[in-house]
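So that you can tell them apart, the chains are marked A, B and C in the order they are listed, and the count of residues begins at 1 in each.
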Amino acid sequence: MSFTLLLIQCLNGLQYGTLLFLIAAGLTLVFGVMGFINLAHGVQYMVGAYLVFAFHQLTGSFLVSVVLSMVAALLFGLLLEHFVFRRLYGRDHLTQVLATFGIIIFLNELAKVIFGPATLSIQPPEFLAGSIQLTEQLRYPVYRFVTILAGLVVAALLYVTVTRTRVGMLIRAGATTPEMVSALGVDVQKLFMIVFGVGAMLAGFAGVIAAPIFAIEPGMGDNILIIAFVVTIIGGIGSIRGAFLAALLVGLFDTLGRTLLTEGLELVFPPSFSTQVGPALASMLIYILMAVILVVRPQGLLPAKGAA
Amino acid sequence: MSVLEIRGLNKHFGAVHVSRDISLSVPEGQCHALIGPNGAGKTTLIHQISGVLRPDAGEIVLAGRNITASAIWQRAQAGLGRTFQLTSILPSFSVLENVALGAQAKDGSSFRFFRPAARERTLNDTAMTTLERLNMAERAHVPAADLSHGERRLLELAIALAGAPRFLLLDEPMAGLGRVESAMLTDILADLRRSIPMLLVEHDMDAIFRLADTVSVLVNGQVVAQGTPDEVRNDPAARAAYLGDSKT
Amino acid sequence: MMRVDRSFLVMGLVFALLLAAPFVLPLIGQAYLLNLLIKAMLLAIAAISLDLLIGQGGMLSLGHAAFVAIGAYAAAIGLDSGIENILVLLLIALAVSGLYALVTGALALRTSGIYFLMITLAFGQMTYFTLTSLAPYGGDDGLTLWSLATLFGSDVVQSGGHLYIVILLTLLVTWWGVHRLSNSRFGRVLRAARDNPERTEIIGFSVFRYRLTAYVIAGMIAAVAGLLTVQQAEFVSPALATWQRSGDLLVVVVLGGLGTRNGALFGAFFLVIVEEVLGSFMHEWRLLYGPLLVLMALYARGGLSHLLLPAPKVSDPAKSGAAKTGAHLVNTEQAT
């Protein structure tokens, strides 16, 4: 494998990692603050992707679609919160799982009915369509750079919000000692709504920026949700910093594993064996990483206690 | 020979030294009381004995067996019976089944998958005898969730006793009990201590002076006085640190 | 003990109906319904094993379909390698699923509550992706089997023989076995650990070991359902291991009534019927099924068993705790 290819894979891993972070951040906050296990969080990602597709059809402008999609994703999240999730906060996890599972089934089917079962795609906007010459042989798409950048900016904003603002202080307090927050006389209902709305919007944003890169299809949020769970476990539930670190780790591990593992095996084993075992092993890699973390640090890399 | 022997126990929480060189021993047929103001480290000590926490240094020996590093359940298997400060029972089980579970822990393996446990004579007989001993036999078939607070405290003791413990660790057994109930439980414990030595953490001084053969006074994680109840009552250090403020 | 008698009565009735079905249905020209019944019975076997985990053990697993798939693939790969005796394949399926449950269970049980749910979900997904990358066995597309298992050369365990009866008997044995297990010493410790793990540990039981054992047993039972699925479908694919399948199993267990004797059975038939009936009205039946789940989760506590067989006031301790749709699950979560 050439150095160039390795660099590209690293960038792809970074890009996947920032995407994962956007999803895992909402998941970990919602769970940390409300103790609410939201399987339908991945659906928000799908909703974001479909929204940007639909708005793009209507307006023809990518930037306008992005803004409209974010607003719509937020509204959609708040709507779900108001009509369903609000009733689930105090309930046991089994009820939460069942209800949010029902929502996934409904929305996946709805997406299929409205947009059809086939995969859709949209093009990145003109001014982001080119690629940048990094080294002599290496060109990397501008759009992917922008998504990495956008992801990092959002991560930084979120980090500042959580560590420096009053809402952030309440979120951190909520993630470690929920009793304290209500003791402070805070409108918990409102705090929950804010956290939930932000989480939904972040996942929606991830879907929006992922739309020009990955295929848009019904159920696209399901698999990435589970990876986001893995990120949450590795990072430590309720921890933003943990989610960030774990998301990048998982993104790089997964992307590099898929290319490096088979080649690595070929150094030792015959190619026929390597091409068969390599992919299987590569798809297990992040779960193995999770298992190792569980053995070494069952509470995750950067548990929420003390810091967000 | 001592049934419970604690030697040089030390425990830190960060910079806070919560157990300082604690040593105590309880011989056969005796009740040792542990007293001290709130925050003195009694609960931390109890947790170290029962295995919830591991000491940083020191040894705990139960019936000749070093259990310092054993898991919670292994300590129970080694003969340590325990009750909780906040009542901890199985509310969805009947009273009898609660106690039968205690008996089950000591009667052969529980990796038995086929025979209905509710029909095992030996378990039910042990449970029933234990309940009779605590005057609770007629409540045997009531769901544990329906018991009164006092009855729950007795049930806790029954669960521990059904496991035929070599030693009892009682964490504020009188907590939340009325005068009559306290007196009754004190009678029961007075009866028990000759056959099962015990470590008693309690605030009820009447009970302590009636039950305890020896007393340790714990202040700031340290044993400041140790001896018979009368010796401790007259010990200036103990008075100053603990008894003093309740007497004046 | 009224309740126990009644649950046996109900099971007896269900069993009698299922036994009569292959003789009666063809007479009235509805033979195709037998396939639905087989589907429901296989679902019920897997759901009963999941209920052992959730209802009795308080272990909220969202990766149980992986064990069905592992059982199925173990059988399929065995068949593909020329092993035909179903008893040998059964042993292989049990060994592989048991070992997998032992390893993943030991890891997942290092935590509890919500972590446990996420980790079982993740391991389930790992199984799915691993199966999709098994290129020699069809990868994504799965594997069609040209020869099926036999019982010492007899086709009694195939669709052409008496597969229906074999599955019915397996269901009965599973139901009865899990019922016995729930009431055994082991089951009592498992329920105690569900309600109050700290207390159970203090009494002298290693909660971890009992839970892990239950996890392995449940995984092996699910694998049996997988093995039989191969005999029925003559085909395996990674779709068996998707997390939606695990979700379906969860739905079956909860809708039927958590920790109740016949809940998994009711739930399985209910799901298959709902799918069939809704599906016959409209192609997009999931648009109704999804909201139905939400409503059931929010408002129907206790599941079908409670609607069909309301519990007497003083209920059997074996079930009363679990019947409150997972209220006890909160207990294990405190530990995280």
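The rule is simple: a contact is a pair of C-beta atoms (placed from the backbone, for glycine too) under 8 Å apart; a residue touches a chain by one contact, two chains touch by 3 or more.
If you're wondering where the values come from, they're calculated on a predicted model, not measured in any experiment.
Asker: Figure out the least number of contact steps between chain A and chain B, where 1 means they touch directly.
Answerer: When the steps are counted carefully, the minimum from chain A to chain B is 2.
Asker: Quick one: which chain's Cα centre is the longest way from chain A's?
Answerer: B
Asker: Between chain pairs A-C and B-C, which one is joined by a greater number of C-beta pairs in contact?
Answerer: More C-beta contacts join the chains of A-C.
Asker: So, comparing each chain's Cα centre against the centre of all protein Cα atoms, which one is closest?
Answerer: That would be chain C.
Asker: What whole-Å value do you get for the distance between chain A and chain B if each is reduced to the mean of its CA atoms?
Answerer: 50
Asker: Which integer distance in Å separates the CA centroid of chain A from that of chain C?
Answerer: Chain A and chain C have C-alpha centres separated by 31 Å.
Asker: How many Å are there between the centre of chain B and the centre of chain C, using C-alpha atoms for each centre?
Answerer: 42
Asker: Among the residues of chain C, pick out those that touch two or more other chains and give their numbers.
Answerer: Correct list: empty.
Asker: With touch defined as at the start, can you tell me which chain B residues reach chain C in the complex?
Answerer: Contact set of chain B toward chain C: 50, 71-74, 76-77, 82, 84, 88-94, 97, 100-102, 104-106, 109-118, 120, 143, 159, 163.
Asker: Spell out the residues on chain C that touch chain A in their complex, using ranges where they run on.
Answerer: 54, 60, 62, 107, 110-111, 113-115, 117-119, 121-123, 125-126, 129-130, 132-136, 243-244, 247, 250-251, 254, 258, 284, 286-287, 289-294, 296-298, 325-327, 329-330, 333, 336
Asker: Which residues, counting only chain A, touch chain C once they are in their complex?
Answerer: Going through chain A, the ones touching chain C are 31, 35, 37, 84, 87-88, 92-99, 101-110, 112-113, 222-223, 226, 229-230, 232-233, 237, 276, 279-280, 282-284, 287, 290-291, 294-295, 298.
Asker: If you look only at chain C, which of its residues touch chain B in the complex?
Answerer: Touching chain B: residues 180-181, 183-189, 191-192, 195-196, 198-207, 210, 213, 314, 317, 320-322, 328 of chain C.
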